[in-house]
Amino acid sequence: MELDYTPSELMAVAGARELQDREVVAVGLGLPVVASFLAKQTHAPNMTILFELGVIDPEPVDCGVGLADPRVWHRATVLSSFVDILGAILHKGLVDVGFLGGLETDPYGNLNTTLLGDPRATFRHMVGSGGANDIASCARRTIIIMRHEARKLKPAISFVTSPGYLAGGDSRERAGLHGGPSRVITDKAIFGFHPETRQMTVLSIHPGNTLDDVLGTMGFAPAVLQHVPYTQPPTREQVRLIREVIDPQGMYMG
Amino acid sequence: MELDYTPSELMAVAGARELQDREVVAVGLGLPVVASFLAKQTHAPNMTILFELGVIDPEPVDCGVGLADPRVWHRATVLSSFVDILGAILHKGLVDVGFLGGLETDPYGNLNTTLLGDPRATFRHMVGSGGANDIASCARRTIIIMRHEARKLKPAISFVTSPGYLAGGDSRERAGLHGGPSRVITDKAIFGFHPETRQMTVLSIHPGNTLDDVLGTMGFAPAVLQHVPYTQPPTREQVRLIREVIDPQGMYMG
Amino acid sequence: MTKLTTLAEAVGSIPSGAHLALSGFAISRCTMAFAREVIRQGIRGLTISQCVGAMDMDLLVGAGAVDRVIYGGGSLDRFGRLTCVNRGIESGGLQAEEYSSLSVTFRYLAGSLGLPFIPIRSLRGSDLIKRIEEQTGSDVATITDPFSGESWLTLKPLLPDVAVVQVQCADQEGNARILGPRWDNPEQVRASKRTIVIAEEIISNDAIRQNPEQTVIPGLLVSHVVELPFAAHPTSVYRAYDYDARQIENYVQAARTPDTFRAYLDHLVYGVKDHQEYLKRVGGIDRLDPLRADPTLGY
Amino acid sequence: MTKLTTLAEAVGSIPSGAHLALSGFAISRCTMAFAREVIRQGIRGLTISQCVGAMDMDLLVGAGAVDRVIYGGGSLDRFGRLTCVNRGIESGGLQAEEYSSLSVTFRYLAGSLGLPFIPIRSLRGSDLIKRIEEQTGSDVATITDPFSGESWLTLKPLLPDVAVVQVQCADQEGNARILGPRWDNPEQVRASKRTIVIAEEIISNDAIRQNPEQTVIPGLLVSHVVELPFAAHPTSVYRAYDYDARQIENYVQAARTPDTFRAYLDHLVYGVKDHQEYLKRVGGIDRLDPLRADPTLGY
């Protein structure tokens, strides 16, 4: 019998698989939280989860509406401050993985969470950076999680809130930044970045999709490996943990 | 009947009189502590006392052997850190008065707590700065308390640990420092500093001493006002507070 | 020395045009009663700064009390965006200097420590820094690290006139505790010229002195202390009460257009004379009691 | 993941030549048992940094384990000076880079936040800065504030290899609390590559999670946790035990000459195999019990 799972669940599982035991992970809310808790409850029990506002390693029993919800701070080992998390851990260089979502990204993994439209003329202002710019600038690597839509995967984005590889090549290094995006996880595929051109590259396709499905629903053409494998599906245990333990109300996976 | 008091008690009282209500005072141990608690318990109830290691407004019931003694932290309103006291209060510019002792001072109120002798040849190393240099550099004004001896009040000191008016005139301002010493209180006299030359100036002589006693036991000649008054003696209540409440074991005043 | 006073008097100490650092983060510990009183008193032309823009900022902007915001982006979490702030930015009516969480934090930190400038790795290569450079050439600069020779972006300290901080408890002198994460509040307080503390509860100076490690705000930085239960409503105060989801949704709905927002203000700000009347109007004790935090969970 | 281990193993992780930041301040929360074990293991060539030099630094210097100290001056409070450190400075055998409390604090702070440099007002015009400039031209520099055009002294971050911190309690993962003032310890820990926690008592991870605002050292920065009652003896640990005046006086007497200090080391460091034997030798439970802190006073 084939395992039943949703695209969101596969995204969360794919995100979890990117995280290694003992890593320090800075996460925003939503799918990154599910992925991080899933990793921690399976193969990465010694991982440390950080929320920018001053929360280390929480063990929530209820889902929250956002980082400002005390539900997601529950049973943390440390409750401190921005200076402590974003300064003394992130800016100091101790964050292994930053886990970010966004409105739009481009072939170099630059992320927009600020505005849609033309910033010099008519635009809709959205959320802005929060800690996203800091995480994208200072983490050793970042993982981007995003819906797979042409209006979100664009050749050029309206506003670079959080730097990826900027204009590609060594332009990120030249701006004085280390790290950079390692993966973009969508509901159709997983992408990496070419080590030199820094161009987004299809690494695997989620079961049930074809390469045409992936490429035809993007706003730009990524590089494609010669043999693109299918993404490994979730295990029964991973799906159970997501549904029964991590997000029983379906708040993050909805 | 004349009030009986010791020179140390007069020094503490003279120090207390320099402090005004609502001022923020950074103090080292010894006489400055007695002077500060005395001011707080008499005319300056809303004064704030700071110890550099992270203590605000303690209410000790026992005397301690130094700032590291938990006795002197007792019933503080805040126990925090160097960053909080020396950074966010002192370096930020919120300390009105710094209260310092020292091994040696010179006609411009520069203070030595580091070494005696020739730093390039033979010397005895003593205590160093601690927060003294920071307080002398950043407080709005500093008060120096010191025994009146020729070997302590010297034309030139072995080492400038904490800056006074440096070489006098505007040399302190030219070094980028505001504030500076306002008083030197010894067991024979109270000195101020000339507003332009920044030279130490006798302001008052403690009862029982003559101007010759004062000048004859110093290593340099201070400026002298035309009419030098006597220092106001302690009140009965001030002496009682020192002996019965603030330092009943005579630890600071010994 | 007691600094205990009424909300009206504390708000009355704020001149139009002041720069306020507010303690809210999205929908938690927002200075809501304070913001409503600022609006009622007609104080205007404010600059509001916050690491992450929150409901207190949005309400003040929506009421026209604010000329300028300095912040790192923000939202009402899942309830929605900062609609009033966004409308101000889109129309050009609001000057918005938009940073990241850490860059605003570092600006407060520099202010709090008396540093003349502070270097930061964030912002480089982004459109955020390009925009900030266009808006205020004078708040950021690039200098050379004298030790490595590398080029570093440096930020100017942020020095608000007043920090307004919602806390769980404080004594009459302003010594205050913050339970839960403290986000940018310690640095806001220390960077600002003075602080207004809004406390759910006043505790004794003796209680403060029994656990002085827990004092996050030293009284010497505080000018006014206001005791005001449910002052952050409809946002949450950890270990005191939960957010009021219905009232936040009500706000988000109202904020969609200037007209509906005006009606919201008429009903819940101008239409009540003080915080007590506000609490009655949103449902009084029957509505508020169920929001009280479970002592174990803290929400 | 438990990091609980023995003192010998924690000390064994330190290579000769390492830079250690120690948690002591004068005669409080000094890493004394740790220092004694470092001496027994023959680790040498250390650099020791501390905002205010303390008894742990002095003992290590006296035993010849230290080549270099970076500190802001120090003493044993009324008990005396740092005699071993002073003798090292006077003889020229010890490289002493001497700052002020705040300048060392700011160097740790810059290290803790990943700042490449930090400006400071202190040190100007003093002989301290003249000496430091002669000794290490590379740790201080004067740069121009890009906002005001003023000249500012800037310090290089301090990045110790290991912070060693004496605390009251920690869990097995290294999440630790510090009661009483924390002086430079939070910044030492965050500036260092890793931290060894010496705890009077191990508490449960559950206890840590019940009051996470009180966690001063996050476990993720910690490599080893050692549970060791009276590890700071003869210095004090607030709310645990008082300093042992007689033993500190004994140390001060011994430190007067290299010969008497050698005898002290033979008796109380080399002459005992571990901390338990040390405690017996200084009088055991009969001597230690009366030092235990009064629960109300904390000393």
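Note that the chains are named A, B, C and D in the order they appear, and that numbering of residues resets to 1 at the start of each chain.
Rule of thumb we're sticking to: a residue touches a chain if its C-beta (ideal position, glycine included) is under 8 Å from a C-beta of that chain, and two chains touch if they have at least 3 such contacts.
Predicted model, so just to flag it, every value in this text is computed and none were measured.
J.: More contacting C-beta pairs: B-D or A-D?
T.: Spelling it out, more C-beta pairs touch across B-D than across the other pair.
J.: As a quick test, compute the distance in whole Å between the mean CA positions of chain C and chain D.
T.: One centre to the other, that is 38 Å.
J.: State, to the nearest whole Å, the distance from the C-alpha centre of chain A to the C-alpha centre of chain C.
T.: Their C-alpha centroids are separated by 29 Å.
J.: At which residue positions does chain D touch at least two other chains?
T.: Counting only residues that touch two or more other chains, chain D contributes 114-115, 121, 150, 152, 180, 213.
J.: What positions in chain A touch 2 or more of the other chains?
T.: Expected reply: 79-80, 83, 87, 91, 138.
J.: Chains as vertices, touching pairs as edges: which of line, ring, star, complete or other describes this one?
T.: Topology of touching chains reads as other, fitting no named class.
J.: Which chains are in touch, pair by pair?
T.: All touching pairs, sorted by chain label, are A-C, A-D, B-C, B-D, C-D.
J.: Quick one: which bits of chain B touch chain C in the complex? Just the residue numbers, please.
T.: Where chain B meets chain C, its residues are 24, 45-46, 48, 56-57, 59, 75-80, 83-84, 87-89, 91-94, 138.
J.: Would you mind writing out the residues of chain D in touch with chain A in their complex?
T.: Against chain A, chain D makes touches at 1, 112-115, 171, 173, 175, 190, 205, 208-209, 212-213, 215, 218-221.
J.: Across the complex, what residues on chain D touch chain C?
T.: Touch list, chain D to chain C: 114-119, 121, 138, 141-148, 150, 152, 154, 156, 178-180, 213-214.
J.: In the complex formed with chain C, which residues of chain A make contact?
T.: Counting only chain A, the residues touching chain C are 29, 51-55, 61-62, 64-71, 73-74, 79-83, 86-87, 90-91, 113-114, 119, 122-134, 137-138, 159-163, 166, 171-172, 175-177.
J.: For chain C, which residues count as touching chain A in their complex?
T.: The contact residues of chain C facing chain A are 25-28, 51-54, 71-75, 77-79, 81, 85-86, 89-90, 98-103, 105-106, 109, 120-128, 131, 150-152, 180-187, 235-236, 238, 242-243, 245, 293, 297-299.
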